[in-house]
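For reference, the structures are reproduced in the following blocks.
In the two complexes that follow, subunit A is the common piece, with subunit B as its partner first and subunit C second.
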Partner chain A sequence: MIGASISRWTMSYFAMALAWLFLALALMVAGVGYPVAEIASPDTLVLVHAVCIGWLSLAMCGALFQFVPVLVAKPLFSERWALPALVLLTAGLVSLLAGFLSLGGRLPPVLWLLPLGAILLVAGFGLVVVDLGLTAWLRPTGPARFVLAGLASLCATVAFGAVFAFVLAGWAGSAGDAFLAAGIPLHAISGLGGWLTLTAMGVSYRLLSMFMLSPDVDDRQSRITLGAGALAIGVTVAGGILAIGVASGLSVVLSIAAVFGLVSAALYGRDIAGIFRNRKRRQLELNMRMATLSFASLAATALLGIVLVAAEAFAAHIGPFAFLAVFGWLSGLVLTKLYKIVAFLTWLETYGPVMGRAPTPRVQDLVAEGRATKWFVIYYVAVWAGTLMLLAGELHIFRAAAVAMTVGVVGIVREVIRIRRLADVAGPVRLPGGAVAPHLLFARN
Partner chain B sequence: MPEYIDVDVRPILRAGGEPFSVIMAALERLAPGQGLRLYATFKPIPLVAVMANKGFTHSEQALDGGEWEVLFTPAETTSEPAPAVADGPGPEDWPPPAVNLDNRDLDPPEPMVRILAAAEKLGPGETLSALLRREPVFLFSQLEKRGFRWLGGFTPDGATYELTVRAPS
Partner chain C sequence: MTEDLVGFIRDALRVVIDPELGENVVDLGFIYDISVTDGAVLITMTATTPGCPATSFLKEGAQAAASTVPGLVSADVTMTFEPPWTPDLIAPGVRASLGFAAIN
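Moving on to the complex of A and B:
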């Protein structure tokens, strides 16, 4: 048994992730990409990948470098890989987006940027997967198993994406063209459903029970939740490739996957409700109260999916469905947990060395929840309004909702920077003798 | 077959107590070549590592009702002495806790703050015992940085984590 220390680069991942989120919000406000452009247009590909790789994946990787060692009570396989991975992922994403822009005629035609971006992203995610995978493999208990399934899904997502990049550059022949024509749903489902959602579920099990003093969810119970989710992804990937191979269409495969996905989401809802019910800590902190809005968004996403399928309108409205999943469920959860993780890590980094030797503030003294609440509320309300506007086809009002989302995120990021700067800690205990103020972008450990 | 001294810590565990000091006291009374037969309400995994350091091999047997009988047998006297631990005498010298903390009903990270504050007040070589709801993963590195040693594990129902911390002597 050994303890977990502070991951040096987690803050750097968070900062880079937030920079990509701002870029994505700026694109939506400016009307670049979906919904103003077609959902499959190069401009939309820029927006989608800035959100899914730049914002969500980098934030998730940063959180995992800190929390996988906590999940398994073992040190990270290699702390030294985290920074090169961040550099490779950033360079790969820039190259990929430049490739999309040139595909759309916004840049001169340099399509080799797409395969180059894919190779850099494969290398960056490869470092992440090996580092986290070898760490989690040591003690694959409940939440760590979710992370392993998430990492496997990430491999599938990246593999699909890399093939598509070569196809778009014209380097993969007619078989590649057929694969690109049919395979995009597989790429999207394994990314959003497998990598991001399964991993977010796993981490949330441990974070929620840790911060609310609740017993861990029974291993057998969470294993069924994971089993259903992993089956959904497995059916999508394996069945999907098979279906494309025999040119039979994806509808049967995707229907089966959707059923497993819904079962997994429902079981996850039951598990999370249990954690809230059995908590010893009655008073909920801001990050927990706001996380409930993410869980509500996940439930609403599932419900919206069912309604759209029943109305035979799913294909026409896949945009609002994905928007609610990405910004209501995943981004909302990441923002709320980021608010808590930054406060906790900053507190531990600054005051851990002097704790017990000098009076130190509490974690709660680093945050101003009253002030932060309104930014989260603005964010979620804007996301839900944006979803409705997408469903109604009101593109101008959608851009107003994107402005409101940006306002909320700016407010949240300002709070996070204040936490990192210890700006809300009362003067006398702010820096007791021996404590060193943290750096904004990395841990000094 | 060596002779074994029986130590039954089941009553202490059932009463919610910390049996570590009792086991260590029994160990001190052992004559050369004698072993220890331990009865516990759970498999004492943290203890096995401690005893291995002391040069004892172990074998275990499940009893009825989830209880365990563990035999700690001294390794051959010709074998190498147990490696000395880096920062002071082995756990056999750990005295009974000078401080007992029940941190089970505190909000995180208050248990960590209290343990570190109490640990700072320990005299050289003294120990403290703390009960917690969760494995204090972030505490361990702080303890190690300050030169403290620690031993911990969950009770069999998984509801309470027992931690013993020893100040550097």
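Moving on to the complex of A and C:
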């Protein structure tokens, strides 16, 4: 078969991811976790893992189940693994968060929930990694290489996290305590930088080229971008473990990794600018226009990191730095691409089977970009304002920014639901003979 | 007679659109060849991206549309990516309406 089919569970992953995003936003509005609480507090661990596993990782997994087969023009290794993986990941995250709440005294002391959560998450991510890895391995060129590097980083992230969970439960002895005390940056960098960022980069190369009809980035060029990013993660993981082993401190390792990371981000910026410059479709759709705000947020994150390091204030302001990376760069990109992917998949699911038999609308007929624009703008402006408020230590105004972020996300999700319900498609072509309206939460194929 | 039939098939294929570009596969230049032999048509066509999940729907849609043309005994569609499709193949009037770059 040339091409790929529609992933049955991608919508389910997106729906679950958005539910976790709303939980995280609610926590921020309510003042639970950072910045009201310490960055290493159990409440903050709840918030961070709801965002990074529940929201970003589930959304990324859902997108990859649909998109990796597109990258390699081969079917997914096993479509049947996607739903069990979602169940395992959800159960694992619930258990992990309950463990954190237990650790913070908000629940009775049942710390075995932490290792249980870790085991379930290892099983869930294991299914994802094997399924996507075996699919991407068939044709590991260009963007697929980024996905493979991202999946390798995911393995490292999950391994670190699992060890930490056992340590926090008191099951890993004094060596484990030492590893937990020093190793959290390695877990965070391999997760945010390796798994989420390298994968988002790879997916964006292909999505942007495909939707703007731009030539693919030269393979050698993108390989250097990936090489720098992979070196940053490799140095972090391998060098970090070695440094902890010999108790030498992480500053040298993290400095080298930061240089490689900045080089990779700069090269990625060059590659993306090239895709935009060489596009054959001059008019940009909403998802592309808004994605540029994510790229700007990535550049701003890199700049903020440089400024903070130069001012010797990085450790004190790691919160706003991570906030901008997570919500400006990663979450912004996921929301913009989710808006596009849902419309495209909904079109395929509804109108693909009747093509040639009846007139059909265009993908653009499923969306109302004019109405959706304001929600994205509200979201990005709120994220940038929130970052500034964190830097300024204005915690009450930060919570107002979190409210505005929530308003933006509610608006975007409403638009996505309208797409799924075909609510903006003109009457005569909305459901031609033989077409079946899609289910909100999964594909019918 | 065969030329008329090819014209009818080409017209019938205009109901099949590329969902992303929103234009029909004929004006987009996706149809590389239409050959009719003894009432059997073989259509050779392409799409923008080999891995796109729309590819199979485009192929099946073209087959369904061609099958509606009276006088044909069968319709088959072959999907190829050689040579790769480029926007140069779009009909000039459609290219302008899509907001494509004049050069590139």
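The definition used in the following text is that the second predicted complex is superposed on the first by the 444 of 445 C-alpha atoms of A that agree within 3 Å, B and C clash if a C-alpha of one lies under 4 Å from a C-alpha of the other, contacts with A are read in each partner's own complex, and residues count from 1 in each chain.
Here is the rule we use: contacts are C-beta pairs under 8 Å (C-beta built on N, C-alpha and C of every residue); 3 or more make two chains touch, one makes a residue touch a chain.
Every value quoted in this text rests on a predicted model; they were computed, and no experiment measured them.
Annotation for the three-chain superposition on subunit A: subunit B and subunit C clash. Of the two partner chains placed by superposition, only subunit C is touched by A:A358; subunit B is not.
Once the two complexes are laid over each other on the shared chain, residue contacts for A:Y205 go to neither subunit B nor subunit C.
When the two complexes are overlaid on their common chain A, residue A:F77 makes contact with neither subunit B nor subunit C.
Of the two partner chains placed by superposition, A:W384 touches none, neither subunit B nor subunit C.
Ranked by how many residues of subunit A each touches, subunit B and subunit C are led by C. Applying the stated contact rule after C-alpha superposition, one finds that A:R279 touches subunit C and leaves subunit B untouched.
Residue overlap on subunit A between the subunit B contacts of one complex and the subunit C contacts of the other covers 1-5, 70, 73, 210-211, 213, 280-281, 344, 347-348, 352-353, 355-357, 360, 362-363.
On the side of subunit A, the complex with subunit B involves touching residues 1-5, 70, 73, 210-211, 213, 215, 280-281, 344, 347-348, 352-353, 355-357, 360, 362-363.
If you check the complex, the residues on subunit B that touch subunit A are 46, 105, 107-110, 112-113, 116-120, 133-145, 152, 158-159. Interface residues of subunit A facing subunit C in the complex, by the touch rule stated above, are 1-6, 66, 69-73, 210-211, 213, 278-283, 344-345, 347-348, 351-353, 355-360, 362-365. Looking at the complex, you find that subunit C touches subunit A at residues 13, 15-17, 19-22, 48-58, 60-66, 79, 81, 87, 98-101, 104.
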